[in-house]
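Below you'll find the structures, each written out as structure tokens.
One chain, subunit A, links the two complexes that follow: it is found with subunit B in the first and with subunit C in the second.
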Partner chain A sequence: MSRYRFLDAAGLIFLGVVLAMAVLVPASNLLLPPDSALHVSDYLVPLLGKYLAFAMLALALDLVWGYCGILSLGHGAFFALGGYAMGMYLMRQIGPRGVYGNPVLPDFMVFLNWQELPWFWLGFDQFWFAALMAILVPGALAFCFGWFAFRSRVTGVYLSIITQAMTFALMLAFFRNDMGFGGNNGLTDFKEILGFSVQAPETRAALFAATAVALALSYLLCRWVVTSKLGKVVVAVRDAESRTRFIGYRVENYKLLVFTLSAMLAGVAGALYVPQVGIINPSEFAPANSIEAVIWVAVGGRGTLLGAALGAFLVNAGKTWFTGVLPDLWLFALGGLFVATTLLIPKGVVGAVTDLLGVRRKSELPAAQSIVAAAKSPAE
Partner chain B sequence: MTGQTMRSIRFFGGGRCGALLLLLGLALCALAAPARADALDDALAGFTADKYDDTEKAIAALVAAAPPNGAEILAALGSGRLAYEPESRTVLVRHADGKLSLARTGEPASAEIAGKPLKTVRVNNRIRRAVEAGSGAFALRAPDPAKRAAAARAVFRSREAAALPAIEAALAAETDAGARAALEQARAAIIVSKPDAPEAERIAAVDAVAAAGDQDALAILNSLPAGSPQAVNDAAAAGIAKIERWRSIANLIQNLVYGVSLGSVLLLAAIGLAITFGVMGVINMAHGEMVMIGAYATFLTQNLIRAHAPALDGASLLIAIPVAFLVAGAVGVAIERTVIRFLYGRPLETLLATWGVSLILQQAVRTLFGPSNREVQTPDWLQGSIEILGVSLTLNRIAIVLFALLVFAGLQLLLRRTSLGLQVRAVTQNRRMAGSMGIRTARIDALTFGLGSGVAGVAGVALSQIDNVSPNLGQGYIIDSFLVVVFGGVGNLWGTLVGALSIGVANKLLEPWAGAVLGKIVLLVAIILFIQKKPRGLFALKGRAVEA
Partner chain C sequence: MVIGGRTTNALLYLDNVSVTFDGFRALNGLSLSIDHAEMRAIIGPNGAGKTTMMDVITGKTRPNSGEAVFEASHDLTRLDEAAIAELGIGRKFQTPTVFEMHTVEDNILLALKTDRRPFPVLFSRRTPPEKERIDALLERVRLTGHRHRLAGELSHGQKQWLEIGMLLAQEPKLLLVDEPAAGMTDQETADTADLLREIAKTRSVVVVEHDMTFVRDLGVKVTCLHEGSVLAEGSLDAVSSNERVIEVYLGR
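And then the complex of A and B:
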């Protein structure tokens, strides 16, 4: 197999588009008059920002699933944990402006009659600390989880099922009021971030730009990982795990590294998502959310990175349109998408387009068959 | 419980009416003889004086006279419905519906008396207490042994020393074994707490109280009067230890029984999956929706039967079982033919495609039946509850335990003893070899998947009895079902049985000290860790089949 190029033409186009969005969308929202045809409305900016955060989650998922063959049905948990870290910072920023006016305790704690801040809320009044936690907490969880799972060689659907059980257990835990994360209602009613009002169009535009830049950086990071020597081993693990182990690689270490990295990326995506939508609650942990993220990757084309990001954008745009115009049909459409993608375009949109064009670039995935072969090959 | 026993319990629990009880006890002692007509007349006459003192005496006299409708008269007095006609001094009971009857005989009052001006017998709090005391005494002598026992238990709880004579009198006349035991316990409870009773008698009473073994007995033994002899205190301490040991065992039994009940629900939910996932290896995320379809089939069957054949209403649940099997099985075959057969050997894709199918099925049911819960009725023969080993269980829970075992046994028989089962096993073990032997493997695939789906539908019939029938019904079971199958060991029905029951029991044993939600979380984490330790489950298949 020849070397992957670090950045191919498609990757450059993708980066260009994302960075152009980072500049043009905020600019058109803030500078153009509302009646201009090119004006991006105040409603659209956070919506697009949300899609970009989802695209980052999809990138993270594609890294583990597309390149390492680990189908995680629990990436929503890492995303939500990152979101909670950011949400905790935003809660602390409310200060005495809450309904109960307590300068230290968030409203829900006052409501529960708590007297002082739980230890795990300490430090979240600092942005840098919250940002660090948004990366470290998902990373640590993924590391512990992967440490046990990969070492005992839990693979394939078994791993998928226990990742799903993990996010389900977290959802139940965060629904509990005594956990100290707002229970059912989660964290909301945010006022400001870094001193800027979260409602202000300027802040939203800045958040959008930050998300776009973060997406571009994540893409570069993922691209760097998959084109490096490490990436080659990881793909080898995906296609023939036992063989790679017999050659002498410590398969579990590679898996653990990629899984943890991917969880951290998902955490960052969650942290960028929360200030834009203004709420984080335990339903983000719902297993259905994680599976939905998997379908973004599948639709776009797994093992292509930019396909994953594209899939997240397409599916979520479709969701927004359907739930607005034909709300009853959305689940039919989503369900149909799952079935149609797996049956008809197993390589996703990007794969299908590449095939149609008859271009078999070396930088693309060899073919879907290799993934099939990986699934068929003995687990041990 | 009737109003009278309620009142008697309230009275005996009161504890401030010792004097009244004494009075009552004396009256009771005097009253082994049959009621004399003149005693009743005297008693009733007391009500017509309309003075509180006389009324109180009249109550005691009434209790002593013990007419058959005495309890009714007292109830009327307590609620201000006892009246008298001043001229003839006739006492009348005014019923809730406005009719009048003679207190003397219980017969309806003649129009003549009813037409005259009547005065109501006045009551104050003192009289009300006396009424309650009297009602308690009547309850101790009520014709229904259950009521007598209830009154005795009320004394047991209050351990009011003044009630002792009444209890002993009632004990002398008691013939029913259950009521007698309750009376004896009540007597023991009083003696235990009575400082002046002989020591040997008190120790014997401690044992009798300890034998009752409930919370009240514990309270009695824990609150012995100060200055009791050492021997009594020792006996009480031994009794307390005995009760607590027994109660911890009873708690354990209760949790085990509840755990088996929960485990059977898990077994039902998972057993279809044990076929589709365990035997065939298809990751069927739409499994929960098969359960949901089974529940809706039950709902439809019930409605159709009620509309067209009301005579069969009681059996509608039984009729729904084959209907649900066929409907869910047909849907399963359709899914296998249109989606899953293209995805054999690609488990991750199957997972996604079947998840899509589950979304479509959910939304389809939501469109057809609406998003709200549908009511599935519980037939009469499944209503009520019984006690097993001191644990009260509703009949439908017990039915589910039996039903789950029945389905399990049926499935085992089908797989082990029929030619279809043989072919299923042959195809899953070695598809090409089975094909060479003339088995139509594609047909077997469809039938097996239909069988698993049908069994899931049958589970839906049972779950419709204990869960809300809504489009989301299946989602609540999918993760649990997968964990049960993986925990038990894929491809092993016995593993599923053991897995379901042990998860159910573990869940219920965790609940008392961790709470319901936290217990569930702990269990999930434990199962995740277990799967890490033994990735192939409790009863792993060994040999080459694992690698296939």
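And then the complex of A and C:
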């Protein structure tokens, strides 16, 4: 069964494309002359890198929603927390080059008349610590949240609503100046990452490549999880939760594990996103962001991983184009896209393509052969 | 163990169990005892409390009062569904509930008696003994030829059997089976009775059923429930000639 093979043909193609991008996009940007037709501009590199980070967030969301049936409308919170962890590191790297020239305190703290660094900023001058926190903080929040929610058997729309409330509460908290995360303005004016200028094309190319590699690794990790026996239990939870319970599985522990893992992945995505866009502020916690991520997954096809990543890429590319041409109409277009997807291709782009191939398979190939076999021989 | 002032060796022992939902007494002082390797048929009109009784035994519903004891040592009223399943109580639902998006084989695999904790499950691989168990179980519920099909594609009767197969895969000491013959053809019904009788040679089975022909096929002790408590208990002939049973359930 192709569904349970660790890597099927489609997965290999996806990995191939992502890893090829990791090499070709930076190479084209740095090596080709700007007037070449194949040159990827300095503007495009971080933009594509941003899409890749979103694709990682979409993978994380698909893991909980597509496979475990937990519709999280607050995954943007985990993404933003990862982003803040990275942002704090980047702030500390500014050092005396800030407007106020304080070697330890970020500008906004000097502005607030703070005398010393709050305890929760300690350690963020070290990259490894910030990287660790970008994973652990979202993971810890998801663990605590899930511990109570899943144990109390909060499911369905109620769970979605409290995830939404969680991200909204965090947004309000991060907007406050005395939270110590730069309030309204967030964290920005970054100078260096690991000693390299964040503005330099080489650094941006490296960040892009790192994001592409991280996306490929996340895909492998998610794929490993969903093709394991745990993956089967998780799908069983999605489709028949009480049956799974009566067979003896502690459903809440499975949900907790998948939810926490997913939050950690989202955190890594956020940490890769921030140095490429150059800012992190509380609006990243906005509920609308989390809902948008759900739309990416729905458009691409939930429960397929590939579809989630593809959806993130397609919808965001559409957004970039649309907001350039008709900025006021983007939200209508996004809403329309969601409605159209739900009505016309409920299984998303990947689901629709698979179904098409499945029809071919039934008419042309013995039923035992997999969808992948059909995908391999499109010319026949 | 001493329960309610008396000693019991029963596998399952319910004593004076009451459950109230919003003022409605679903169970009203129900007492029931199932022995090792005993099969028992439970009959009774709708609303008699048959499903609620199963809910209490499997940990889905907490009784307001009374005791539910398994193997004379486990208090079922304090355990959750997963813990009770691990003790060795398996449950088949009234409407067949299988994992429709999984293959027939994977349905059995997930039900096999193994470590249920997430991390061991994440790293587990299918072992040769597990494969043999799966093969044997599929053979027993006659689904060998369908093992690679999605469970959702099976017929109603096949789903019922798959669910029984999943129950057996758990290796339970007690099986609770809710209307196994519902929606089956006559032949399937007869086969199901055979299968349950065979299972009952080594395990205890509680069957809730409306189909009196099926109950007669089983040929076991019958308990008739009415308004949340036991109305009559004994052989099918004795119970079905009971005046009160005829009045409330069988009809004249």
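The rule we apply is simple: the second predicted complex is superposed on the first by the 355 of 380 C-alpha atoms of A that agree within 3 Å, B and C clash if a C-alpha of one lies under 4 Å from a C-alpha of the other, contacts with A are read in each partner's own complex, and residues count from 1 in each chain.
Keep this in mind: a contact is a pair of C-beta atoms (placed from the backbone, for glycine too) under 8 Å apart; a residue touches a chain by one contact, two chains touch by 3 or more.
For clarity, every value in this text was computed on a predicted model and none was experimentally measured.
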Requested in this report: Report for A:Phe246: first if it touches subunit B alone, second if subunit C alone, otherwise both or neither.
Outcome: second
Query raised in the report: Which of the two partners, first being subunit B and second being subunit C, lies in contact with A:Ser283: first, second, both, or neither?
Result: neither
Query - Contact breadth on subunit A, by residue count: subunit C or subunit B - result: B
Query raised in the report: Thinking of the overlay built on chain A, is A:Val233 touched by subunit B (first), by subunit C (second), by both, or by neither?
Result: second
Requested in this report: Classify the contacts of A:Val225 with the two partner chains as first (subunit B alone), second (subunit C alone), both, or neither.
Outcome: second
Query raised in the report: Just subunit B (first), just subunit C (second), both, or neither: which does A:Leu71 touch?
Result: first
Requested in this report: Could you say whether A:Ser28 touches subunit B, subunit C, both of them, or neither, answering first, second, both or neither?
Outcome: neither
Report task. Spell out the part of subunit C that touches subunit A in their complex, as residue ranges. Result -> 58, 60, 80-82, 85-86, 90-91, 93, 97-103, 106, 109-111, 116-119, 121-126, 148, 166, 170
Report summary line: Note: in the complex, subunit A contacts subunit B through residues 71, 148-149, 151-158, 160-162, 164-166, 168-169, 172-173, 175-176, 287-288, 291, 294-295, 298, 328, 331-332, 334-339, 341-343, 346, 372, 375-376, 378-380
Query raised in the report: Can you list the residues on subunit A that touch subunit C in the complex?
Result: 1, 225, 228-230, 232-233, 235-236, 239-240, 242-251, 253-254, 257, 368
Query - subunit B to subunit A touching residues, read off their complex - result: 283, 285, 339, 342-343, 345-353, 355-364, 366-367, 475, 479, 482-483, 486, 517-518, 520-521, 524-525, 527-529, 531-533, 535, 546-547
